[in-house]
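Dropping the structures in below, format is structure tokens.
Two complexes come next, and they have one chain in common, chain A, joined by chain B in the first and chain C in the second.
Let's turn to the complex of A and B:
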């Protein structure tokens, strides 16, 4: 009788390289049920999702614009996850950065743009760090699980944003719950003419590259990876585990804060409650799909942005609800996690 | 004065209902060693499926069943990922929340288009009123599901502490290796906890669409799943204390609604945020002394 054997062996290289492809194919096969339900052909939908956006200049620019916040949150999440700190709070940290950035931006009248934008970035990074500080301290002092504290602080942050926008920051002119518009000199320059790709994209790429360098080339990065691989062994080797994890958590919060700065400074020019449709959570998908490595994170941020843009095309051309991209991204996350097991196990057919 | 206190208590119980269902489900699941962050999306999709099933069949009971089944199915998916495949529970759970939310919003668009006003049921569960026209009316005029939610607390307590099933469930959440040695099938136990807990979560979601609102809207769950997780920790995984946490949370929320309705100029968001802060403070104060199930988050792998 033929039976399936699963052995704990590293998979051969060709299989490891094939994993993302398998994951994408399986995901689209699963999601095609929803596409058929929406009355469209899955093949047309795949074309609209993955190919069509790449054929147009404006859509290609949109992809870079859409990749900006999720690349930053993806990098933020990856920095924390690498050392085993499960920061689920990127969403709240993003809003913290957005609040500070909006405050600096509104009050930046008369400053040279470089100074205004520089101050916004610093303030946003600091704000993200501050919002990440409490769970990080609780983790390192009291070993309180960070998942729940960071998750709950996301809700608290949404209330703070709402309190600000309905209270002191309510736009005095329109009366809408949105902050005043930031000064003209604080608005991010646009990188590509007639698009909304802004300075934030460069900041995101620079952040990813810096973190890449930090993880690969510095002692601190090496220690973080060691802690993530085996906490006890790292402790035994004399690495100050708690301090390193605390630092990584703060860097993570700061980078997530930058994502909020980018949305305020480059897209909306004011703070609103719906600034982020869950970029912090998407960051978890980006980081996981990228296997917590920076080249992977950059690729997966671009890929998810492609799907987001493609979903808009699919919505226009095929009338498939735009929420398709949410479903695909979540399904891709779960399928990838499952398929990644192939990395660790070898499947054998034998007698 | 007395009147408004009674009204407040009534509102508190109503607000606590979905949170209690979710929290009791989560308690069962976590006591078996699985942290299910899928709860938020599970409750949303259950609210949606319950609503759609009730609208299609005209039966609220079938709607409720659909909600419960949705909860069970999504928790089985959680089991497949985190119990069978042994994947990271945080990421699997969040993935399920994102997936279920995405599916609910996608399906809403297909079935109801871009409707700006949420579609409503012709007929939803009506509150019971055992003491009509008395001072007690505002407290006891509740949906039967609210009574069921309150009743689920002693039931879960009994199940966990007084039955063999509960003993086994707790043992796979505390020390799966020992449980396995004692002949308990760890995987099966965890799946059973997930099925029961999933049904409770699903009912909690469906309560909102079938009873409290009689309609479905995108923001119908609005973080109640996360609140459920918070009160489970706040309650130290003990059903009675989880109930206390849920009542505290909904009590503050009821007070906030009342103050807002009375036109008291208060930044009501800060009151809304208060329970979250309290939970974090409670976790921090109790710190390491909380009796988190020892095998929570740890996938069980059988050797050999």
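Let's turn to the complex of A and C:
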């Protein structure tokens, strides 16, 4: 009789390092079906999606620009996930940061740029923290599931933004539901000439590196990792679990807030309801694909930005819908999770 | 009469552990058969094999002389076997009748009145007093157990397995349960009752099979035996191997003083009922008892993980704060947790695990001092012979080496008090000896050691004084030199000490 046995056994190191590659290959194999359906050759599509953007200077700059918000939300989500706090609310926290940043920016007339931008960053970080505070307190006091509360608060935040933009902040000149434009001295400097890569990219990289340092080299970071890996043992070892998780949740919210500051200060220069096409949710994908490690998060933010940029090329050249990039991201997440799971088991055939 | 169930040479291994080792077991119709043994003796494993939950590695099961392969509970039920677990599988919002019929409806459409009539008939025919239309969530524990029994009977069971049925019951309900079991017996049913309480064995059973460490150590007619004889079989040999700890003269001041602890669990059960004990410096006090008599709760309180309802603990005269693990280790209490995987973080490195309990000593302004962390790890790895590099992930280590991490970080800093809970559970002989030696070293140093273990032999081997825990309080104390295993066994199982 053929006997199939599934054992829990971690994969060898070489296999673990290959995981991202396997996930990407499987994902593109799956997505090929859709591409064929859209009437294009999968090989051309892969070229347009993954290679073509890298061959052109302006497209390379676009990738950095597109990576900026999702790197920040990715870092934000990772900080929380590392200690087992599932913050799904980066989207709302991003908008909270954007609101405060827009307010500071609009009122920053006459301030030196350094001060104006500094104040926007601080205000945005604080706003993200404040918006993250309620679910974090509910979690630590009453054990209310943060997945539900943070997720639902995203919708609440969208309504707040909409109320602001249709009420007090409606642009007096155009009548559009968008805030007044922020002062010129509050607008982020552009890093690469003739591109939209702005200061936010540096802030995102610095955030990622700081969090990297924090997780690896500080007591706080070690304790967060300990809590995430084994909550009960962490408690046994005397780590104040609730307090640490609360702090991590607030830091997470603050960093997500910075993503909102970057979009207002570096891209749009005003607040609009469609500021983020789901950067907060993409952050979850970025953090998960990056295995909650900062090098991984940085790489996956760049990779997803590449796919986003590539989808535009593919759309232009091959007439496949731009939504292809959303499908690829979602498929990539699912495939990666599946590969990570399978990676923990070994299937044996035998008698 | 030929046996209705016959299990022959049943062996079941879980990794390195042999839970059942060539067990023979049989039961006849109309018999109540007690399966007696300490926790971990293999009783539940054997019965789960009979109920199709586990597959034996070798051995066979016969029902009415016919060999059967039971690969799922559904098959066991079809073969007339019923199982009443300690944890009821009932839907609280459904009525008794609905719960009984659930999964055995008979047709795709439900006929509520016919259904409850049929359930009522089943109950009446067995003289089970129960309102079949009552909502299960409102019933008492004893009544819910009756629903579970009714469920098994409704499925035409001929052999009923009851897993520690009295553990959840109040005394009055126990008598009622036994009456029910006798009625079933009168109908020719076979009942297997898993227990570690001797008084129950004598109250209800005709035959007893005693398991110890996965093997059958005795199968006797109940009336031909005595509580003392069974207790002895259950816990092991009558005389102990040469105790490793033979010098009981030392008497320092009391270092650990536990006074009148009372603790109620979340479900309202009294787990500790006025437990008091004291341990002097240079003394090992062993807490003997069958699992589930309050040991875990005592350990939780002493290691800073739980707070009692009332009572006090002092360490060297200073009150021990509750629910504050940090403060407990600051009072120089070394803690060896019951479950070592709840004391070590498997996905962190050995060196991180060796410093986390006293992380303050390894940071400068919140920044980890990697050199000191590494030096600490190297010193402890050498001193405690841990077979690992400082940067290895803890979960890649063997159980013995993981336990050494715990020993190293807790005993490495000259503790005043040692709380050692199941310190050798699941360890091989070499690692066990190592742990014992380390505990004895601490005794020599003058630390007060409280050893909580389900392994009675370990307690006899190491203790200067033995206390027996039963139902949340100390049922008796023995000095090591005049500890008698039959008396300890009797106290552990709730029988009277000199019966």
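Quick notes on this structure:
Here is the rule we use: the second predicted complex is superposed on the first by the 340 of 351 C-alpha atoms of A that agree within 3 Å, B and C clash if a C-alpha of one lies under 4 Å from a C-alpha of the other, contacts with A are read in each partner's own complex, and residues count from 1 in each chain.
Simple rule for what comes next: a residue touches a chain if its C-beta (ideal position, glycine included) is under 8 Å from a C-beta of that chain, and two chains touch if they have at least 3 such contacts.
Bear in mind that the values here come from a model prediction, so they are computed numbers and not experimental data.
Once the two complexes are overlaid on the shared chain, A:238 sits against chain C while remaining clear of chain B. In the superposition on chain A, A:222 makes contact with chain C only, not with chain B. When the shared chain is aligned, no partner comes close enough to touch A:44: not chain B, not chain C. Look at A:281: by the touch rule set out above, it reaches chain B but stays clear of chain C. Looking at the shared chain after the overlay, A:230 reaches chain C, while chain B stays out of its contact range.
Contact with neither chain B nor chain C is seen for A:171 once the two complexes are overlaid on the shared chain. Touch criterion met: A:147 reaches chain B, while chain C stays clear of it. More chain A residues lie in contact with B than with the other chain of the pair chain B and chain C. In the superposed pair of complexes, A:317 makes contact with neither chain B nor chain C. Put simply, chain A uses no single residue to touch chain B in one complex and chain C in the other.
Looking at the complex, you find that chain C touches chain A at residues 303-305, 324-326, 328-329, 335, 337, 341-348, 352, 356-357, 359, 362-363, 366-368, 370. Of all the residues in chain A, the ones that touch chain B in their complex are 34, 37-38, 86, 88, 134, 138, 142-145, 147-149, 151-153, 155-156, 159-160, 162-163, 166-167, 278, 281, 284-285, 288, 321-324, 326-327, 329-331, 333-334, 337-338, 341.
Residues 217-220, 222-223, 225-226, 229-230, 232-240 of chain A are the ones touching chain C in the complex. Of all the residues in chain B, the ones that touch chain A in their complex are 35, 37, 81, 85, 87-88, 90-92, 94-96, 98-99, 101-103, 105-106, 109-110, 223, 226-227, 229-230, 233, 267, 269-270, 272-273, 276-277, 279-280, 283-284, 287-288, 292.
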